[in-house]
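Below are the structure tokens for one structure; questions will follow.
Per-chain residue numbering starts at 1, and chain names A, B and C are given in the order in which the chains are listed.
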Amino acid sequence: MQTLSLLVNRLLQLLPVLLGIAIVTFLLLKLTPGDPARLLVGDRASEETLAAVRQEYGLNRPWPVQLGTYFGKLAQGDLGESIRFRKPVSGLILQFLPPTIFLVLYVVSLTVPTTLLLAIAAARNHGGWADQAIRVFGVCGFTLPVFWVAIMLSRLFGVELGWFPVSGYGTGFLEHLHHLFLPALTTSIWLVPVMVQSLRAALLEKSEADFVTAARSKGLPERGVFWRHILPNALLPTLHLLGVMVAYLIGGTIIVEAVYAVPGLGRLMVSSILSRDYSVVQGLTLFFALATVLVTLLVDIATTLIDPRVRL
Amino acid sequence: MLRRVAFAGALALATLFAAPEQAPAQDAIRIASPYQTTTLDPMRSAAAGNIEVYGLLYARLINRDAQDQLQPALAESWEVSDDQRIYTFRLRDAKFSDGSPITAEDVAFSLNRVRTDERSAYPAPLGSVEDIAAKDEKTVVFTLKAPFAPFLSNLDVWNMGVVSKKDVDARGEDKAFTENPVTSGPYMVKEWRPNDRLILTANPNYWREGYPKTANAELLEVSEAKTRLGMVQTGEVDAIRDVPWSEVDPLKTQENVELKLEPSTVIYMVLLNSKREPFSNAKARQAAAHAIDNKAVTQAVTFGYAEPANTTLPGAIDFHDDQHPGISYDPAKAKQLLQESGMGDREVTILIGTSATAEQIAVLMQAQWNAIGLKSKIQKVDGSAWWDLVAKGEYDASPTWWYNETPDPDLAVRWALCGTCGSDSFYTFYTNPKVDELTEQGTAEQDPQKRAEIYKEIQRITTEEVSQIPLYYPPYANAYSKRVQGLRLTPSLQWTLEEATIGG
Amino acid sequence: MSVLAQHGLSARRAVSSWPGTLVLGLLIIGGWLLLAIFAPLAAPFDPNAVDILHILEAPSLTHWFGTDQAGRDVLSRTIFAARVDLFMCVMGVVPPLLIGVTVGLVSGYLGGVADAVLMRIYDVTVAFPFFVLVLAIVGVLGPGLGNFFIALALVGWVTYARLMRAEVLVIKTSEYALAARSLGFGPLTIMLRHVLPNALSPVLVYAMTDAVLVILAGASLGFLGMGAQPPLAEWGVMIADGQSYVVRAWWICFFPGLAAVTLGMGLALTGDGLARLLR
């Protein structure tokens, strides 16, 4: 019951946020130089042709009118039509969504076990060589530019060794797993260090917390203290971080998608921005906002399930 | 509770990805290009990605073959009137992909759209035409305003494909060209995933018996050059466009991949804005040109795979003046010219888009201009903003490229050198009445030798006055999987996909 | 609790008792800082000196790190780029930090309407795709590093705000703050004198990570062709440009990559050390 009212509450709060985002995006796009008509017809078109095309797509109307029309459609749940492709924006988003979702879940399923393993190893070995090694590799993984890692991995495992495809998404679950392995690995290489750092810090902090000292003083074995008291309490901040990261990844796998030619949302976003396909950029921005809010909500719900003391 | 959530999640996942496992895809030829397909309507766009596609979907009246000869295609034969103004084409018995006959009516409809629709992206090839009419079911008559030498040659340009009038009338333009267009060319659309790929399958009614030789093909959009390279090396695609020059040598040693340097009508050059100072001053333009060592630039940028350019027209074009000495690299002369121009104290802006090649050229140019005392700064913007600024004339110099869609120089001159032909000499705003006059003479004249003289004169004037700084003539660097035979990219940016076979 | 307990101790600790990671981290950052300041002395060549006849030359005695696609000395460019990248770290971190800390402090401490409004702005910003913003800003204001910083300031503050607000919420209800209030201090005094110093440590630790993120964001933008304007040397852009030549000339992206990793390492170690020192 409480969860339900929370849900309703959150969704109500969402409306002004979406409205704000829609307006800001619209204005930013209007201010950006560049003309979708020009990119559409190509370089040889005359001014008259450009004017005719702008007229056709309503690009020459004053912007408040355009904004009004846009909101009118939005109110009816219509995200509009892509200027480039003359196809509905919602259809385009649906077309590019599955690879992104698959990739994000893939990243999560690679990252979570690795993070647990490494963070626990590091924290239990605090200051030891394993801890240091994990940290050094972590810093390297985190500091290397993503596109560079992506290009190197694709050369090594794709071109040289031939273990994994270097592009695309494939058809069917197994092919998806195969095709998206390198993109997921590339993303995990910077994500795991971030997560490990957070979890390790939390583990160390909790291991000195009062309730842990209390548990120890009761004579519980160190192993039991760790698994029953320290770990569950240390997980929460990391879970929140994971939520933030997942929300980021839904719209933020741009570079990985570019290097591995994955037909995902990030790619749609970049190409739409570059072609000034306003309605698609608008639709995607709203979609990302929605996704961010939903992921946050999911994390909050998961938090209450893990730790019933937390009230939302 | 947690378990139930997990279960629901798994279920959602399963439904999301349990896309019906397709039967092993029939073997297809896959081509990766950096340019995107945005429309399937041949009238609507002159953007590179669409140009590659049009020829695969829509047949033209005539085709240019590998030997550069014009061959009958949808037109079986044609006659030219004595005054060179009336061209009568006799169509062969051919059908659209939906089985309906291709009539003279369709031809007139398709080409009139290109010629007269106000949204037509590139009406120039038919600029000489006064009227196109269907005389009967199988006869189309073109009436020209005046004799026009390159007329037949222009009918091979990419937007001259024939579309079905009946279908466009019935479904409306938007639907007819976004959902499975009715086609007249070797292929029809099986599925179009915008921004990702175009999946093609053979048009069973294609007029050319026994073609296309390979029934299935896919055109993929892959923006990253490195990715395209990896894909052709792993066999994920069979052909890729635009191999970076630095990768040409490494790729030559690959066993399963063949690198082809194919002839192109591309020219790399530097736009100079004649509308504003300093480059409104001819001496300043000449100084800028003499300062650039275009042989060294060509070597540095293309590793010697391109020809240094000697005139303002592409090297592979008909009537290109191979004898012209070009603009010499002469810093001393450049310095002097700059001084004479009185523009030495201006700082110019070199505008570039996001291409790595343009950036490399810009950096080299900047250094060479610096050497003669011409100060510059580089302004890098994204492609969309680049077009905006260039078309408005808000730049001083910009290294870029263009290509010509036919070997005949007329369209090239109209695009890049003629000040009164609608493109402001490729937005350099260079204008010389003599050149404009010669442009018209060049097409009125039918004798090739006399035409050669005219175009030689145009090249001489524009090169001397430096309407643009010619840099180099690059070939297309494409890589092909060795399992595919007969596939190439023509200078007019058309794939010979219908002749390609998979074997070995 | 723990933050409160250690308050006031950290500043008085002697350098000798600093964690090793902090010392090492600061040494690395300091090293880069020195190189950046004395770049004209340290670099053997002008970083922008083009040599069209000696492009893509492998590392040699003349050019220790080789030359790039315009024949420029990679070593000199790498050294000069340190100036740009350190500047980016500062400009990409400090403004978002100041904005974020202020927002977090105000919304956490005051609560109520201020909190509600600021958190809605927070929601909008968090949900806003970074690249739309960067592109639009670069488009509107013209390209260049300055506008990259503006974009970073507009989106980067959110993490600081979240961290700060969370800390403030904890400290606000602590005995420490309650005591201050009972002594009659006003909200501003309490916020600045008592809450802020206590809540600052996670923010400072995160700032180190954020500095690395700024460099990475710069590199990603370079990859998408929207980074620092040429011919300015910047590690991210050098790596992005060099990746086209990775088979033929690995040195163009290797050395700036190495530089970025060492600075990143320095920042990460400093962050780690700070976390220990302040805890």
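Note that in this section a residue touches a chain if its C-beta (ideal position, glycine included) is under 8 Å from a C-beta of that chain, and two chains touch if they have at least 3 such contacts.
Predicted, not measured: the structure shown is a model, and the values here were computed from it.
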* Asked: Out of A-C and A-B, which chain pair has the most contact pairs?
  -> A-B
* To do: Report the chain whose mean Cα position is at the greatest distance from that of subunit A.
  => B
* With chain centres defined as C-alpha means, what is the inter-centre distance between subunit B and subunit C in Å? -> 44
* Asked: Could you state the distance in Å from the CA-based centre of subunit A to that of subunit C?
  -> 21
* With chain centres taken as the means of their Cα atoms, state the distance from subunit A to subunit B in Å. => 37
* On subunit A, where are the residues touching two or more other chains? -> 32-34, 151, 155, 258
* Asked: Touching two or more other chains, which residues of subunit B qualify?
  -> 226, 381-382, 385
* Shared-contact residues (touching 2 or more other chains) in subunit C -> 135, 139, 224, 243
* Structure fact -> Contacts from subunit A onto subunit B in the complex sit at residues 32-36, 38-46, 48-49, 52-53, 56, 82, 84-87, 92, 95-96, 98, 101-102, 105, 151, 154-155, 158-159, 162, 165-168, 171-173, 176, 258-261, 263, 267-268, 271, 274-276, 301-302, 305-306
* Asked: Which residues of subunit C touch subunit B in their complex?
  -> 48-50, 52-53, 55-56, 69-71, 135, 139, 142-143, 224-226, 229-231, 241, 243-245, 247-249
* Asked: Which of the residues in subunit A end up touching subunit C in this complex?
  -> 13, 16-17, 20-21, 24-25, 28-29, 31-34, 135-136, 138-140, 142-148, 151, 155, 194, 197, 201, 205, 208-210, 247, 251-252, 254-255, 258, 269-270, 273, 281, 284-285, 288-290, 292-293
* Using the touch definition up top, name the residues of subunit B that touch subunit A in the complex. => 1-2, 5, 13, 16-19, 21-22, 25, 32, 36, 38-39, 44-48, 50-51, 118-124, 174, 177-178, 193-197, 220, 222-224, 226-227, 230-231, 233-234, 236-237, 381-385, 387-389, 391, 402, 415, 422-423
* Asked: In their complex, what parts of subunit C are in touch with subunit A?
  -> 1-2, 120, 123-124, 126-133, 135-137, 139-140, 209, 212, 215-216, 219-220, 223-224, 236, 239-240, 243, 246, 253, 257, 260-261, 263-265, 268-269, 272, 275, 279
